[in-house]
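Next come two complexes, and both contain chain A; in the first it sits with chain B, in the second with chain C.
Here is the complex of A and B:
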């Protein structure tokens, strides 16, 4: 009988278990099947992303498979297009403003929720996380109607407010996670040693919650940069975010420019995520 | 909590105010206005005489087309959820049980990579895969498996495939957390007592991960029924779902009242799901206080 590691159907376990033939081949087939199924699922997850890169580099002006060559013409077209460049710039602007707003609001809210002895804190947390579960298209629709009723037009601050609403939950969640994990006696010690509450905050609390706040900020940036449903209702023609421009382009054209634009936004997201992993570590912040 | 004795809010509680203001002005007020618009005959700012009406809701109930749209939305949501569960569970199980840290990190990256790619980009990827001259059809035809391209795009199947790809990471991340918390020794005990790995899984792991299955499914369903980009691009404007209908009412028909009523219906479905999700999460993590 195998007794230890082989019970966990993992890659490592499968490798360890391989020489032990006594356990019966059925068990091995089961483990190979388990791995095969999972690898198929991984292919399903990752192949579409690889395909986008292939089409971005394929020179034909329509979808063609297998690809006929490698060219950078779609990247040139993308970077030469005034519409795409304007959209990219506007998206970055909105994402930066959103990240600042969501980080400040979300981190202070998390602080109040974890340390403020607020009555009904659970309910408040549930409410603040609710934009994650409610259809973003509803947030867009409701804000659109409000701006129409109040006759404010479609200002950039209105779009940023909508984005802040849907990115705030990420900051609240990552900051709360850190606040719940650190020892409050550190703050008490600082105060006992004579630090004012304000000084305690800036010299003890803030450095300790920084990783959580930073992780939340990076999530906020990525979510805002990729945000579609809220933007769909709140952008004005000629002043659109990149996802909306891509969507409008996709409705009529299916050439490599979209692929190039996709690769640019994928690379941007990955740079941000690798930055996140390097600075604070991903693992503890992605638990849903 | 820092000082359990003092249950009264302290100065830090004030830090909630900016967010409270944001939610009041840009969340509760707009949703309230949407609810109001759904029972008004017109826009009270521009129209001179505006009265209360139930006609927007009556229109939905009376016209089988709108009921069909709601049913299509729910059907696509259900199928997407079931497929995402079937695909997400094995991967979540692997992630939760893999011993090597590097292996876990790689799997996590593989799950997060699609999440970070943006909905429009991923939908484009599926268009290049599923269209008549797309990768799947070209490959199958060059292999001689099929003579005619399969109609993969502009069908509900195509929409479901795209939605599953987009939302399966949420399922995996929810399930991984729950499966990871199940004590592996329970499975080992079952196997030591003579159960096959399959039976140990079916009778021990699967029942214990039920709360995660519930939470993940509710999350994916809620996301799938509110999707807009994927159904419209992969459905080629031929399959109508609730979010598509809502945007159409705003952009083409300028029927704000009816759009609001449709929005309220979608909101009600989603709110029901949020309550159920919180219940399910409560089952998942009874020990955690906040979040």
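Here is the complex of A and C:
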């Protein structure tokens, strides 16, 4: 009994400590598991980029593991090629025009849908997002046939229109997401203080929805710059975008130039995102 | 001074007028340009072919025929032609491999034959270039045979059947048959090698089954690189895919099997609805000129169709430039193949999926 009595407090403490230790070790292992899953996801995301970089820097005209050295010969070939340079410039031009068009149209549409009390607004939203459901190659083919029927050929504005069609849903979606949490009393306050509707829009509404609009614009730029299926049918001879030029190139010459072009594309996408972050501030969107 | 400045100030009306003019001008410019120059719209390859066409062959044609040559080198050509109007097709001249030309001819998208009266150089081509296996005219051909690594000690190869030798397990190369002309031609060759002829599909399927394990790719460019890297040691390939590395000290060689080589023709046809028929015929004739044929053949290692072409010794030794060499060519019946393409695709997909 005495023994029992003398052991009772330590047993009770042990019984109390055991679950605590278990919980601690679960948390401990959970942290490792969390870290491992995140590292696996990062590897999954970055491995293709790493392979492309290795391919671009490898001096041999084929993919080789392990690499036999480091060379910039494919970058030289890429930058020396008039076709690739023209395609790069043209892709940038189309992406910029598409971003402008998709941002203006998408943000305006989102505002109208969120505020306009439009009949069938949900149906309109679904319709505006439908280009994402349809295989882009069919969108390209359908537009191509439309242009042929209209006898307008394959003009640059037609390509921009095609890209705008597939990038518009991104801007609409991201702007609608911001408008969903928007406090309309701020606009009312501005108008009560004498601001005109236009001034209210530019000084209150736009700054508040800017993060969503901006995120949509970035998506629009990247999707347009990398767009292949829609461009395949809509590019005109002598005015091919970079993805189409790369596709045609690799049918005949599968060398590191493709890797170099991919690295340049990745760097450009980074530059655009970082540039926008520095100039208009993406961080505010991240906070949302 | 102030008055002068004031008078030059941009009024809203002037701005709108200028903007509208600029917009209309921008939209109309291509049509105005189109009205000025007759434009011949053709298709063409990329790579070295595209480079020389843009740099030399195309500009020389434009200068001689006072026209503009618009070359579409962005695949796919056939769906684009299909989607355009028959009376106003997107291309005047279609340049593709023979299998696609047959598909186009079956749909009435291209004229089945070229008129020799309008294309005088047709009189000088080898018979295969205008045979009953060809729609339009073949301006060049490559020979499909075997590509071999010469540094692996495989010994000399003389027959297609050596591709089935077990020593090539794991280093044997072939194509995704539904999307690659070389793969499709090779399937027909399997029927000839192991059955009653090109159309013996059962024999071909059995032979393909026995080719496994095999590394398969979509594009011939990818096969070239696999051979160069040593990933494959023996593969189906066209001669130009090997000869283009001539002088680069690569341990690879092209083998013309004793049973014959398959032809991979570069074919030109004219679309029935073309508004530039005269220019289209002139272009076909131009591409068959001996000097144009020589320049292209020596750039891309394609065998010229014109009998009168005299290539430099290096090219003459390897390409099909004599009636004897040309007699080794085996042409595929693409009309027959295309009629069964869906069925063949399903079957070969089943074979290689496993």
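By definition in this document, the second predicted complex is superposed on the first by the 227 of 288 C-alpha atoms of A that agree within 3 Å, B and C clash if a C-alpha of one lies under 4 Å from a C-alpha of the other, contacts with A are read in each partner's own complex, and residues count from 1 in each chain.
One rule holds in what follows: a contact is a pair of C-beta atoms (placed from the backbone, for glycine too) under 8 Å apart; a residue touches a chain by one contact, two chains touch by 3 or more.
Everything quoted here is computed from the prediction, not taken from an experiment.
Of the two partner chains placed by the overlay, neither chain B nor chain C lies in contact with A:79. In the overlay built on the shared chain, the residue A:128 is in contact with chain B alone; chain C does not reach it. Once chain A of one complex is fitted onto chain A of the other, the partner contacts of A:233 extend to both chain B and chain C.
Of the two partner chains placed by the overlay, chain B and chain C both lie in contact with A:247.
When the two complexes are overlaid on their common chain A, residue A:165 makes contact with chain B while staying clear of chain C. Of the two partners chain B and chain C, more chain A residues are in touch with B.
By the touch criterion stated above, A:145 is placed in contact with chain B and with chain C alike.
Contacts of A:182 after superposition: neither chain B nor chain C is touched. Residue overlap on chain A between its contacts with chain B in one complex and with chain C in the other: 62-64, 141, 144-145, 148-149, 151, 232-233, 247, 250-251, 254. Touching chain A in their complex are the following residues of chain C: 27, 30, 41, 45-50, 70-76, 79-80, 83-85, 88, 90, 219, 221-222, 224-226, 228-229.
In the complex of the two chains, the chain A residues touching chain C come out as 60-64, 83, 141, 144-145, 148-149, 151, 153, 155, 157, 232-233, 235-238, 240, 244, 247-255.
If you check the complex, the residues on chain A that touch chain B are 1, 3, 5, 7-13, 27, 30, 34, 37-38, 41-42, 44-49, 51-52, 55, 62-66, 104-106, 108-109, 111-119, 121-122, 124-131, 133-139, 141-146, 148-149, 151, 161-162, 164-165, 168, 172-173, 176-177, 180, 184, 187-188, 197, 222, 225-226, 228-229, 232-233, 243, 246-247, 250-251, 254, 258-259, 261-262, 265-266, 269-270, 273, 282-283, 286-288. Put simply, chain B touches chain A in their complex at residues 1-3, 6-16, 18-19, 22-23, 25-27, 29-31, 33-34, 37, 43-45, 87, 90-91, 93-94, 97-100, 103-105, 107-108, 110-114, 116-129, 131, 133-135, 138-139, 165, 168-170, 173-174, 177, 184, 187-188, 191-192, 196-198, 219, 222, 225-226, 228-229, 233, 243, 246-247, 250, 256, 259-260, 263, 266-267, 270-271, 273-274, 277-278, 289-291.
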